[in-house]
Amino acid sequence: MAPLQTEKAGEPLSTGSRWLRLSPHLKTRRPSPRVLMIAITNPPYNLLDGNVLSELKRVLLALRPTATGAVILTSDVPEIFLSHYSVQEILDFSSLVPFPVSAGVVRGLLAWESWSAYFGFRGLTRRTPLAPLAHLNLYHEVTHLLRSIPQITIASLNGRAFGGGCELALACDFRVMIGSLAEGEEDNIAAISRGIGQPEIALGLIPGGGGTQMLTRLLGPAKALDLCLSGRLISAKEALQLGLLNQVVKDQKELNEVTIEMAKSMARRNPTAIQCIKDSIHVGGSQSLADGMRREQGNFGEACLGPEAGYAMSTYLKNIDKFLGTGEDAKPEEYYSPLVNGTFIDMTPGGAARQNKRKKT
Amino acid sequence: MAPLQTEKAGEPLSTGSRWLRLSPHLKTRRPSPRVLMIAITNPPYNLLDGNVLSELKRVLLALRPTATGAVILTSDVPEIFLSHYSVQEILDFSSLVPFPVSAGVVRGLLAWESWSAYFGFRGLTRRTPLAPLAHLNLYHEVTHLLRSIPQITIASLNGRAFGGGCELALACDFRVMIGSLAEGEEDNIAAISRGIGQPEIALGLIPGGGGTQMLTRLLGPAKALDLCLSGRLISAKEALQLGLLNQVVKDQKELNEVTIEMAKSMARRNPTAIQCIKDSIHVGGSQSLADGMRREQGNFGEACLGPEAGYAMSTYLKNIDKFLGTGEDAKPEEYYSPLVNGTFIDMTPGGAARQNKRKKT
Amino acid sequence: MAPLQTEKAGEPLSTGSRWLRLSPHLKTRRPSPRVLMIAITNPPYNLLDGNVLSELKRVLLALRPTATGAVILTSDVPEIFLSHYSVQEILDFSSLVPFPVSAGVVRGLLAWESWSAYFGFRGLTRRTPLAPLAHLNLYHEVTHLLRSIPQITIASLNGRAFGGGCELALACDFRVMIGSLAEGEEDNIAAISRGIGQPEIALGLIPGGGGTQMLTRLLGPAKALDLCLSGRLISAKEALQLGLLNQVVKDQKELNEVTIEMAKSMARRNPTAIQCIKDSIHVGGSQSLADGMRREQGNFGEACLGPEAGYAMSTYLKNIDKFLGTGEDAKPEEYYSPLVNGTFIDMTPGGAARQNKRKKT
């Protein structure tokens, strides 16, 4: 594949509102200037594999906050987000090594592959039978990017997200899924077959893209053990009740509306603040409390000393009585909405905030 | 301010049941001998700032378990617990440094300020433009104290607790808030304007007093990302459903009754056990599982070797059949209540338990 | 006690389906070939103590995945799972040391006892007044075994599980409890007296077998503080709503049916995958996110390179269209069930998967 240009303010990826095939398994479009939709297309079952991961990493690395404020990750195959990771690829790896290997040795090999990739040898590794090591590392790098880029990431789940698909969705900041909230939907096998879950154990495997980690941190160890040890698949309704999803919508049309609306409103946020919040929650929140607190405070300093916050704060202070007044004349409905839905102030690079700061300094 | 005396058994802070102005922004009263209420008063919007934090730290440091067993933190301004942290103070800091600074540099400066405060230079720092560094550290010290003192801490939320106010409430052991549980209350803008949330991102900022850390640990990363990235404010009802609040009450009168009753019942507990539980949960619970387990076991040893537990255990063993009997004559209602509501045995210093231990040894 | 033989494929512990007294406080039976039920019997109140823990450890160490795939932990005393840990034993320890001791010193003593046990001196220590140190370490070792053995562990809670009983249940992978889901059951004192909770603080103590750690990780710090600081006992219904239980059943008969059915279905799983999932969730999930991710990936490699996964994956690939088809002919009900309930493929040692692998290599 030809190298992908990184975005600049004037040249964002896929400038049109219609789908553009960016690479063999990815299409992109822009429903709104600062919102990039990425659709994975690997029919018939939309399996995740090393190639898809490699293309996804390329795109995520090319994004710049000057051009893109929110990313929507979806699929191009009806009723399927991602069926699961390619079992053939895992089987090839399993057949390669005829004897059991301990977890520590695998970790050592992964560390070695990370180093060799750093020196540019990943392309080579991927042509050898050791490719699955490169792909496991790629998986880790893609989910790490989703959790650390200064863009909001939204998983738009148009159908089944099992195994590796579930894990990719869990690495996004928000998850919206098509499903029904009707009575008895939890036991509806058709709903379950378009649902979510980590069925790896049915094949004697375990999640390998962060499923055990994200489920434990989202739901606690009891629910994580339940899902991973039983391997049971759950409907969108049950996933919403558990807290795996942010919202359930009824069909593809509503899914697009909801995710694009969410992305548009979030894409106006301060990219530094988005990145700092994601880092504080994912990295800081997984450390000891004292370390996490310090991490948050450092991030707070970074966000508050950036150019965007200064302008927003001074604008807010001029209107503080409107926002905080509690007397009879208080009309919170007029003031809360812009504050919270992001229309209060444009904090995108090149927007009012940054220009004002430039003037000031 | 004149230095505050530390409490002794005979001279607790604010001995009366009526409000006493302890310092420029704090009032205190004792609704019950071992319960101290602290009200923050900084009208009109009850903003949190460096001065309030400094006064809060003084009071928390002065508390002694011999005099105080539970602390209720509330506000003196109707319908407002704390609107948020003073934006003016953050803006002054932001204006001071005209170029972006990385999170690591801020963490380094905070560590330097902590050291200089240790050698007594905080008063000096607070008179320079670097005061916000001192205040960030002060914030961390106050929430750390709330999480580690041997007193039960209860946030009595008489109204809006946004941003810094939400973070201060989250550092307490229990949170009770005025609100309505009526249908549709989640979308009622008036309820939301008296609710709770972390709207920092609306001003291009992020929570800086532990919001991302406490939300992640309380609710998991998905809900924490939702609240911090959207900045949406939520009603007391939604906060209760999420698990941010322990109880919602209908008005100020009920708020006082509930929090004081809760505080009175908890104030009879063994202070060492309270401190050990808080440490095990906050510190141990944020470490790796093996480290956390060892931390709990060490704390268990400390609590069980203290003077209070010995007397309580021997009293319990004399009556064990009453508590554990399961036959037809069993009357659990008679025995469970005193065990659980704290009236079973007085474990306050100077109470029966400690006197008995003194006799024994 | 005579040393217990470790299990081999042909000689599992307690081969019969009727109860066998294995040691003074334990009975075992096999309701199904790969399912071992262990009942604790220490009437009248089924208190946990050093002897019970020592016997439990012996049995858990003797298990081999070739013979046992799932363990059900229950009690032999009607309406009582485990009342709590023996208060007499803690009191003896407390009386031994007439002065307060800091948590750090206790941790040091526990580390010393661990070392001396490693060199075979635990039997000696348990005959001295320092026995409680050995028992605290034993407690830690038993709960660690429950969280790390390659067998599924199910707590079959036939009644009250307070204090140490609650902690032992929380160390299992699944918890099923007898109780009622009727209206108002949360406040029913009879239901509460057969419920669950950590009432240690009522005696001036704190949980010592991992209660603060497991509750914090399962429910977050707010709920953990609520339960441990108030010491309140809760009914099975409330415990289910909180997420402490996986299921509530109405009586002993249903309890046996449900737990045995659950165990039978899980006992066919790949033991390596079970162990890897438990390790990823408990150990990995308590580390920082980056460390946890690496731990999971290492475990994934170990599971996928074992003999069971290879055969399962190749069988699955032959039928992938049946499982993943979404057209009008798709009949997910026929294919999802065997995949998820464990009948899809027998991955027990000696089963089809392993024999096939032996042939191949």
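Note that the chains take the letters A, B and C in the order they are written out, and that residue 1 is the start of every chain.
Throughout what follows, a contact is a pair of C-beta atoms (placed from the backbone, for glycine too) under 8 Å apart; a residue touches a chain by one contact, two chains touch by 3 or more.
Computed from a predicted structure; not experimentally measured.
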{"item": "Classification of the chain A:chain C interface as same or different, half of numbers criterion", "value": "different"}
{"item": "Turning angle required so that chain B lies on chain C, C-alpha fit (0 to 180°, nearest 5)", "value": "120"}
{"item": "Chain centre separation (chain A, chain C; CA means) in Å", "value": "34"}
{"item": "Multi-chain contact residues (two or more partners), chain B", "value": "217, 220, 282, 287"}
{"item": "Touch list for chain C against partner chain B, complex", "value": "44-45, 78-80, 83, 87-88, 90-91, 93-95, 97-107, 109-110, 136, 140, 143, 189-190, 192-193, 199-208, 210-213, 215-217, 220-226, 228-233, 282-283, 286-287"}
{"item": "Complex contact set, residues of chain C against chain A", "value": "152, 173-175, 214, 217-220, 243-244, 246, 266, 269-270, 272-274, 276-282, 284-285, 287-290, 292-314, 316-317, 320, 324, 326, 330, 332-333, 336, 339-340, 342, 344-345, 347, 353, 360-361"}
